[in-house]
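Below are two complexes that have chain A in common, paired first with chain B and then with chain C.
Coming up: the complex of A and B.
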C-alpha cells in the first residue's frame, strides 16, 4: 500500500514538474484542454456510474461558462466571485429540476429525456438572448487591463493555466475517491439496483440522489467556467447543448465510468484523436473525429461496457479469480 | 386601437393554424418513435438523424439525378426504412438484453456517426430542393402549400399505419408483442422478425417525414438537432409508446412553439415548450393520458 502511495506522489510530482521541463506551448495547450475536459467528464461520471444518466450536463457547463463571462462583461464582477455564483446558479437549477424528478421517481429513459430538455432549454436561452450573449456567434470575456490579470483570472501564461487545471483535475479525482469510499456510494448502488428495496433498508433515496446530482452539477459548472476563462471564447455549441452532453457521456463510457481515472482516459483519447486528425488532415478532417467517436461509442457499449481502463484494470488485477470488490463494480450503467 | 386588435387577431389565427400544420409533421415523427419504443422498448436518440439522411436522399435524387418529387419520395422512404432495419440489426439486436440506458446511449453513438457521416460526405453547406411551392392566401392570412401538403401527407401516413396495425396479421402481431413479449413466441410469432419489420416501419415513417420536411427546410448535417429533441419530448409527454398521447402532445407542442414564436423570437417558443415539458413531467410523470402506475 505504501508503495502505491509513493507511486501516486511520484506521478503527481512529475505532472507538476512537467511544464517547467517541457515548455512546448502547443503540447501544454492540449494538456490543459485534456485536464479541463477530464474534470468535466469526471463530474459526469460521479452520477453516471450510479445509473443517473444525465444529458443535462451540457446545460450546467454552459451556465458555468456564460454566467461567469456575463457577470464579468456586464457588471465587472471578478470571476473569483463570478465562478462561485455561476456554480450556485447551476446548482440551484440542478436542484429545481432534479428534486421533482427524484421525488416522483422519474428514472431510466424518462430521466434521460427530462435532462435532455434541460440542456435544450439552456442552449435555446443562450441563443435567444443574443443581445447579451452574442447568440450562436459566440462570446468573448473582455480582456482585463494589464496588471489585473489575477483579478480577472486571465493569464497569458500557459504554465499558470496548466497548474490551475491540474489542481482542479486532482480535486475532481479526490472528490471521486471520497464518494467512492463513502456511505453515499453504497446507498447509491443500492438505489440503482432497486429503489424500493433501498428505501425499505432505510436509505433516503431522494436525498442521496440529490446530493450526488448537486455535487456533479457544481463541478460541471466549474469546468465550464474554467474552459471559458482559459479559451477566452465560448459559443453555445462548444459549452452547452445536447452535443456536449453526449460528448461527456461518450468520453466517460469509453474511458470507463467505474474507475477514477476512466473519464481522464476518455478525455485523452478523444482530444488526442481530434488533434491528430486536425493536424494531419486539416479542414478536410471536419467530421471525421465524430465519426470515429460514434463508431467507438457503439462498439464499446456492445463489447466493452466497462470502458478501456475498467477492462484493462480487470485484466491486470486477476484474470482467473475476480475479487469481490470489483465484482460489485460490474453494475450495468442502469437498471430499471 | 380597434384596427390594431383586428390585425392582431388575424396573426393569432394564422399562428394557431400554422401550429396545427406543424403539429401534423411532429405527430408523424412521434408516431415512428412511439412505435419503436412501444414494440422494442428502445429509444432511438438518432431518430431525427435518420430524417436528416432522408432529406439528403431527397436532395440528391431531385437536384442531382433530376427525378421528379413524386418518384423520389418512395425511394427515400424505402432507403430510410432499410436504414432503420439495419440500425436495429447492427446496433439494437446485440444489445436487446443489455440495460435500456445502454441501448439509448448506443443510438446516441449512431447519432454521432450519422451526423459526422453527413458532414464528411455532403459538407456543411445548407442545401434545398429548389422547389418553391406557392402560398395560399386565405383572407389576410398566408399559408404555404408546403405546410398544407405536409399536414395532409402526415395524416395519410398515420392513417395508413393505423390500418396496417389493425387490419393485417403482421400489424396485429406487432401490437400483441408490444403488450406481452414473453407470450408471443409461444403463439408462433417470431419476435426477431417483428422487431425488424417494426424498425423498418419506424424508419419508413422517418423517411416520409424527411420527404415532407425537405419541402419547408434547408438540409444540413445538424438539422436533426433542431427537431430531434422536440420529438422525444413529445413522445415522453404523450407517454412513451402511447400513440394517441403522442398525437395530442404533438399538437400541444406545435401550438406552444407557434404561439410563443408569435409573441417573441422562435427560440423563446422552444424555451417555452421545453419549460412546459419539464413542468408537465412533474404533474403527469408518465405522460398526458397515462394512468399512474
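Coming up: the complex of A and C.
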C-alpha cells in the first residue's frame, strides 16, 4: 500500500515537471485538451457507471462554457465568479430535469431520451439566440487588457494552462475515488439493481440519485468553462449538443467506467485518434473520427463492456484475488 | 405498537385489500396467512411504504405512517423482507447488510453500520467475511441475507414476507426458530406472512387469516385452525367434512393443544 502511494506521488511529480522539461507547444496543447476532456469524461462516468446513462452532458458543458463567456463579454463578470455561476446554472437545470425523472421512476432508455432532449434544447437555445451567442458561427470571449490576465482567467502561456488542467483533472479523480469509497457508491449500485429493495434498506432513492447527478453536472459545467477559457473560442458543435454527449459516452465506455483512470484512457484514445486523422488526412477526413467512434462503441459494449483499462486491470488482478461482485457484472451499460 | 384502521388498496376497480383493521402488540408474533392473491403482500407493501394505501390509517408507535416514503418508514423503525429475496448482486454479502445498517439507521456512521451488519449476519448465521459474494448463496442463504438486511436497519417491528417458500422441512423449522429467537433475544415485534400453515402455527402468538382482501378470522392459532371459514378457504367448499376435521385435528396436534 505504501509502495503504491509512493508510486502515485512519483507519477504526480513527473506530470507536474513535464512541461518544464518538454516544451513542445503542440504536444502541450494536446496534453491540455486530453486533461480537460478527461475531466469531462470522468464527470460523466460518475453517474454513468451506475446505469444513469446521460446524453444531456453536452448541455451541461455548453452551459458552463457559454454562461461564463456571456457574463464576461456582456457584464464584465470575471470568470472567477462567472464559472461558479455557470456551474450553478447547470446544477439547477440538472435538478429541474432529473427530479421529475427520479421521482416518477423514469429509468433506463426513457431516462436516456429525456437527457437527449436536454442536449438538443441547449444547442437550440444557443443557436436561436445568435444575437448574443454568435449562434452556430461560434463565440469568442473578449481579450482582457494586458496585466489583467489573471482577473480574466486568460493566459497565453501553455505551461500555466497545463498546470491548471492538471490540477482540475486530479481533483476530478479525487472526487471519483471519494465516491467510489463512500456509502453513496453502495447505495447507487443497489439503486441501479433494484430501487424498491434499496428503499427497503432505508435508502432515499430520489435524493441519492439527485446527489450524484448534481455532482456530475457541476463538474461537467466546469469542464466546459475551462475549455472555453483555454481555447478562447467555443461553438455549439464543440461544447454542446448531442455529438459532444455521445463523444463523452463513447470515451468513458471505451476507457472503462468502473476504474478511476478509465475515462482518462478514453480521452487519450479519442483525442489522439482525432489528431492523427486530422494530420494525416486533413480536411478530407472530417467526420471520420465520429464514424470510427460509432463502430468502436458498438464493439466495446458487446465485447469489452468494462472498457480497455477495466479489462486490463482485471487481467492483471484476476489470478490473485476474486474481483468484487460489481466488477463481475457484464454489460451494465447496455442492460439499462 | 401498530394500529391499522380501515386499510383499503384499490388497483383500478379491483380491491386488493378491503377495509382491513388489526392491531399488533409490543413483543408479539402475529401470523398473517391466506391463499395466493388474498392481499397479504399488498398489506405488507402498504405498511412498509412501497405502495401508498387508497384509504385507511396506519399508526406506528402513535405516529401516522400511511403514505410515507418507504425510506422514512424504514428509518422510523420498521424492517421488511421481500417474498422473493432481492439481494444486490453487485455488492458482497457483507456490503448488502452494511448498506441497510447505514441507510436504515439514519446514516449515523459507517463503523456503527458495520457493527450492526456483523450482529445481523451472526444472528441469521451467515459468514461475516467481507468479500463473500451473493452468488454463492442458495435459497436458504438468500432468505437469511434478506432477514439480515431487515435486521440491520434496526427495526422495532419486522415484516417477514413468506420467509419459508422454497425451503425443505429442516430449513423451515430452523427459519421458524430463528424468527422466534429474533423476538426473544432482540425484543423485535414480528408480523409473519406465510402460505404454509403448519410451521407458522407453532411459532406465532396470534394469527390473522385473509381471503380476497378481507379479514376472515383472527385469534389464537388453535381457534383459527378449527374455524369453518378458514378450512373452507384452504380446502374449498366441496371438501369432505371429515377431511376438514382431520386437517384441523392435525393442525391442533402440530401446535400441541
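As a convention for this text, the second predicted complex is superposed on the first by the 322 of 336 C-alpha atoms of A that agree within 3 Å, B and C clash if a C-alpha of one lies under 4 Å from a C-alpha of the other, contacts with A are read in each partner's own complex, and residues count from 1 in each chain.
We take it that a residue touches a chain if its C-beta (ideal position, glycine included) is under 8 Å from a C-beta of that chain, and two chains touch if they have at least 3 such contacts.
Bear in mind the structure is a predicted one, so any value in this text is a computation, not a measurement.
When both complexes are overlaid on chain A, the residue A:193 reaches chain C alone and has no touch with chain B. In the superposed pair of complexes, A:150 makes contact with neither chain B nor chain C.
Of the two partner chains, neither chain B nor chain C is touched by A:12. The partner of chain A that touches more of its residues, comparing chain B with chain C, is B. By the touch criterion defined above, A:279 reaches neither chain B nor chain C.
Contacts of A:250 after superposition: chain B is touched, whereas chain C is not reached. Of the two partner chains placed by the overlay, neither chain B nor chain C lies in contact with A:174. In the superposed pair of complexes, A:108 makes contact with chain B only, with no contact to chain C.
Of all the residues in chain C, the ones that touch chain A in their complex are 48-50, 69-71, 74-75, 80, 82, 86-92, 95-96, 98-100, 102-107, 110, 113, 131, 133-135, 149-150, 153.
Those residues of chain A whose C-beta lies close enough to touch chain C in the complex are 183, 186-187, 189-190, 192-194, 196-205, 322, 324-326, 328-329. By the touch rule above, chain B contacts chain A in their complex via residues 43, 91, 94-95, 98-102, 104-106, 108-120, 124, 221, 225, 229, 232-233, 236, 240, 264-265, 267-268, 270-271, 274-275, 277-278, 281-282, 285.
Touching chain B in their complex are the following residues of chain A: 51, 53, 97, 100-101, 104-106, 108-110, 112-114, 116-118, 120-121, 124-125, 127-128, 241-243, 246, 249-250, 253, 286-291, 293-298, 301-302, 305, 332-336.
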